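A, B, C, D and E label the chains in the order they appear, each numbered from 1.
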Amino acid sequence: MLEVDGGIVFWILSFVILVSGFMVVSLKNVFHCALALVLCLFTVAGLYILLDAEFLAAAQVLIYVGSVAILLIFEVMLTSKLADKRITQSNDQALVGFFICTLFAVAAYLLIKFNTIWYPLAKSALPSDNILTIGKYLMTEFMLPFEVVSILLVAALIGAIALARTEKS
Amino acid sequence: MIWPIASAELLPLFSYLYELLESTGLPQPWLAVVVYTFLAALVFGVLSLLALFLVWWERKIAAHIQQRFGPMRHGWHGWYQTIMDAVKLLQKEDIRVATRDKTVFFWAPVVCFVAAFLAYVTIPFGEGLIVADLNIGILYIMAVTTFTVISLLMAGWGSNNKYALLGGMRSAAQVVSYEVPMVASILVVVLFVGSLSMVDIVQAQAGGIWNWYIFRLPYGPIAFCTYIIAATAEANRTPFDIPEAEQELVAGFNVEYSGMKFAMFFLAEFVNAFTVSAIAVILFFGGWHGALLPSWMWFLGKTFGIVLLLMLFRWTYPRLRVDQLMEFSWKFLVPVTFANIIIAAWFKYAGWYW
Amino acid sequence: MPELRTEEFQINMGPHHPSTHGVCRLILTMDGEKIVKIEPVIGYLHRALEKICENRTYAQCIPVTDRFEYVTAMSCNQVFSMAAERLAGIEVPERAEYLRVIMLELNRIASHLIFYGVTAMDLGALTPFLYGLREREAIIDLFEMTCGQRLTYNYIRVGGVARDIPKEFIPKCHEALDTITEKMSDYEGLLNENPIWLVRTKGVGVMPAKLGIDYGVSGPVLRASGVDYDIRRDDPYSIYDKFDWKPSVRQNGDCFDRYLIRLDEIKQSIKIVKQALDGLPEGDIKAKVSPNFKPPAGEVYARVENSRGELGIYIQSDGGKKPLRVKMRGGSYCQLQALPYFGTDCFIADLVAIFATLDIILPEVDR
Amino acid sequence: MLDGTGSMGVFKDIKNLLIGMRITGKHLGRHAITLQYPEQKWTMPERSRGVVVLLSDKETGELNCTSCMLCMRACPTAAIEIDAPRGEDKKRTLKVFNVDNALCCYCGLCEEACNFSALKMATMYEYSTPNKGDLFWDMKKLQEAGRDVPYEDKRKKKKAKPVEAAPINEATPVKEDTKTDSPPPDDKASDTAGKEDEG
Amino acid sequence: MIPYLALAAILFSIGLFGVMTRRNTIGILMSLELMFNAVNINFVTFNKYVVSDGLVGQIFAIFIVVIAAAEAVVGLAIVLLIYRNWKGIDTDHFTVMKW
């Protein structure tokens, strides 16, 4: 298909991911944060396509953007009033936190770059039809986790309803 | 370079254009960029025209159901009335509320508009007339159309208006709950085709009207009914148009929008209606298959048939209340579609389907 | 666990809201989509009609009453004329009475047809509105043929009616009534059994009969709550006692019954008009009344049943050619003031349904 | 299904929904009953109360008005303004006859008050204007507007009938046929109205 | 491969920063989602470059996405509950273990 150098696309995507990700943690208005999160998650889906995981990309958009982000936005709308004064979101330790996190990132990068020996595989290509393969995996090898996850989802559903519903007096 | 969008009928035109491009001596990667830009512009243009036509058509259908004329002034039976409307909306003053959330207010219609058009990457308008035949086809459409909800939420929040906020929240609740039966209805078809690709789904229905999945599948009509109900809700049309609901929320999420921004919401709504109809045609009515006429004509004809059905819904039924809407989805549609999937899976497993 | 609380907020429904039928403002206190409190604010349409009447002669007051409740302007003309006639002791010729009944009932049908369309439109079904107006048009054409105006008729005068009906009126009227009878099946088919319509209206906004009586509600809204009270029968005016009809009563008092009762009334009104057309006597259409007649000093209250309940006019005269005081009483006002007491604890969409089925005309509220 | 009537309710509900669709679908095939207004017009009924015009004598072409001021007194909104000073021979001569159509409420009381067929509410209705001042019609304009309006002369039989205007000869019915969308093209009322617009 | 992993590491630290400094509960949940995504990127990258066959990494990522959704649902229900009881969703409000 489109023969554009994957490198450029990666740099653009990662730039957007990092900027929007930083917006998520730094903006004052929670609603804007949620929208930045949507953008970030959407670009991560683009990254998945670069990594040959189309199904995961679609699932990412469908679940994160379609459900989780909407839930978050919904929650923001329910809990903060319109024309509200901007909610304070950072605390006094922000600077310390920033310092620690930068340190963490630098350390992680150094570890990845210099301290780990990666075993690059022999370029045996990924399965061509990754949906089919994922389906087969889920129905054979990963059957048990799959079922456990479904139980977890039901539990979460019921739990959420039980938590949020109003008691009828 | 193979044109991804080239049906048998339109191939000569495309190959001529390609030769023309090649003769300019562009390098190959840039040629691809030009080609895809051109394609995007083409799809965008065709769809905008389709949406404008749909607006006109809806007004005509509504008028004739109500024994009126509808637009009659511009051209034969007012055929370019909607184009004039679009021009008028372009020229209108863009009224902005002083207390709006500036960024969100500005981007909401853009997101809505883009999301509406994104789906058309994988919709085959005819044999080979498709921009990209993704292997996640239908899943991709389901995924990108969720951006419409985000845009409605953005519009509701950005307007800083209680009616708009209520509309946005209603739309979020509605779309999240109707996505489940919609995907579940689609799964019945996907189960039999064994592929998510749109082209594969259509190819599986080749030959004869009895190969269309609405007739061929066990419980095909039920799957179609549940799909069309959920799709009506997804496209925010009456009887499920509670996010707008003129009589309750004035105009819901787009109450504060005017001019071009309003036009974007308005057009996106009709593009969405066309999208869900097109998916219905692809899944249940054999896509582009048909005799004699060119394939894209068949596709468009069938899609307009489904759109007509949506319009009849709109002009016949009252609107549901918001809690009844949820109840209807969770207590009726979801069980029915799930039961449908189980039955269909059983049929598939036993090899009974015909 | 303490009781869970959520944030309440206020929302202004109106004055410019599509489903308030005019310029009424309802201050709603909402808990999410639920309505906790309703506070109607009226007066946006106040035109001082009562005061205007006090500066006009009795004949000149009739066009003013046209503007009081313009959907059934005939009733307003009728009630003012009745009051003035009682004050001055004027006998109305029989033919005039028959013509009055024909016009009043036709106007009631027209009003209920509007109600049908507008209620459906408020609940989201746009097509019935046009169907309702289509048949109303036939009736309005009859009025225009007779008195020359489509909305503000100024037809029923003190002492009789303004003009005799043209000769093609009777066949046209029969034709219009037959069309409406025929189209009733369309109306009922579109909404009566429609499951969406049923869930939107059944059991929604139940008005207890006692509450209605307490707040002076009358007319179809009260009859839908099971109170068998119709001024046409219980305090007969004009010649209603000559016809064979019965007021329609329903028991539940919800939106669906308020809707159905209007359809029933259309049928009853068609029955009355048909009988009146058949029994129309020859004779004068107006008693001899001077345009500037001076009724003796005194006071009088006349009331009629219009499509929104009891429509009353109180006139006090000092013997001059202008009334000393005029007080108008409309059914809509009482219905609106009862609304906060039974319209709460429902969704905003339900409030629209309730407001629509109360069939409030704001000029009647604000005067 | 919606109101929880159980599984059997579903089929009933679907049937009723289809009935609704059938009714609207049935109307879809029918022809429109509305008119394309500026090109096509209804025939106004003869009694229709439009704008007030002054009538002129059919032979002499002079105004029928005798300046009796009855219409002015009958008007509930004081839209009519008459100035007719008595001359030396004690007869009134009509100098000013103004109608403010912005005030007029189209009740028709002036027409009924007039015993001399001097003014009438004609069937014309197209005189809207962006300028409020244009709604103030003076005597000349009123006379011009009433030039071709047909009327029954009440002057000869004085006070024979107080107000009742008997239906005139070929009183056209309101609408010939509501199903057709084109009325007879040569419509007298709209013709005069059209002229009025040009004037 | 290294740029992908580096990106994931930076995204993770951004998320960490958010979790540490935010006082708004919804903000913390959003930062958590960022961290989940960073981990997911890692899994998918390994799946492409390290694992020789199969899609085990992607399957793990799918499970994580699902669990993130479940976590968001429950977390938001708790947030709603807290908001109803304390009229605010700052972490300062969480001073009691039961009520």
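We adopt the following convention: a contact is a pair of C-beta atoms (placed from the backbone, for glycine too) under 8 Å apart; a residue touches a chain by one contact, two chains touch by 3 or more.
All values derive from a computational prediction rather than experimental measurement.
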- In contact with subunit C and subunit D alike are the chains B
- Task: Have a look and report which chain pair racks up the highest count of C-beta pairs in contact.
- Result: A-E
- Return the chain label for which the distance between chain Cα mean and whole-protein Cα mean is smallest. B
- Message: Among all chains, whose Cα centre is located farthest from the one for subunit A?
- Response: D
- Task: Please work out the Cα centroid separation of subunit A and subunit B, and write it as a whole number of Å.
- Result: 27
- Item | Between subunit D and subunit A, distance of the C-alpha-averaged centres to the nearest whole Å | 71
- Item | Distance from the mean Cα position of subunit C to that of subunit A, given in whole angstrom | 61
- Query: Taking each residue of subunit D in turn, which ones touch at least two of the other chains?
  - Reply: 1-2, 17, 20, 23-24, 27, 33
- Query: Can you list the residues of subunit E that touch 2 or more other chains?
  - Reply: 81
- Which residues belonging to subunit B are in contact with no fewer than two other chains? 65-68, 162, 315-317, 320, 324
- Touching residues (chain side subunit D, partner subunit C) in the complex: 1-3, 9, 13, 16-17, 19-20, 22-24, 27, 33, 45, 47-49, 74-76, 105-109, 112-113, 121, 162-167, 171, 173-175, 178
- Message: Which residues of subunit C touch subunit B once you look at their complex with the stated criterion?
- Response: 9, 11, 17-19, 33, 120-127, 130-131, 134, 190-191, 194, 196-197, 199-200, 347-350, 352
- Note on the structure: As the complex stands, subunit C meets subunit D at residues 56, 59-64, 66, 127, 134, 137-138, 141-142, 144-149, 152, 154, 162-164, 166-168, 172, 186, 189-191, 193-196, 198-199, 202, 285-286, 288, 291
- Message: Quick check: in the complex, which residue numbers of subunit B touch subunit A?
- Response: 4, 28-29, 32-33, 36, 99, 101, 103-104, 132, 134-136, 139-140, 142-144, 146-147, 149-150, 153-154, 156-157, 160, 162, 165, 168-169, 172-173, 175-176, 179, 196
- Task: Would you tell me which residues of subunit B are touching subunit D in their complex?
- Result: 61, 63-69, 72, 312-313, 315-317, 320, 324, 327-328, 332
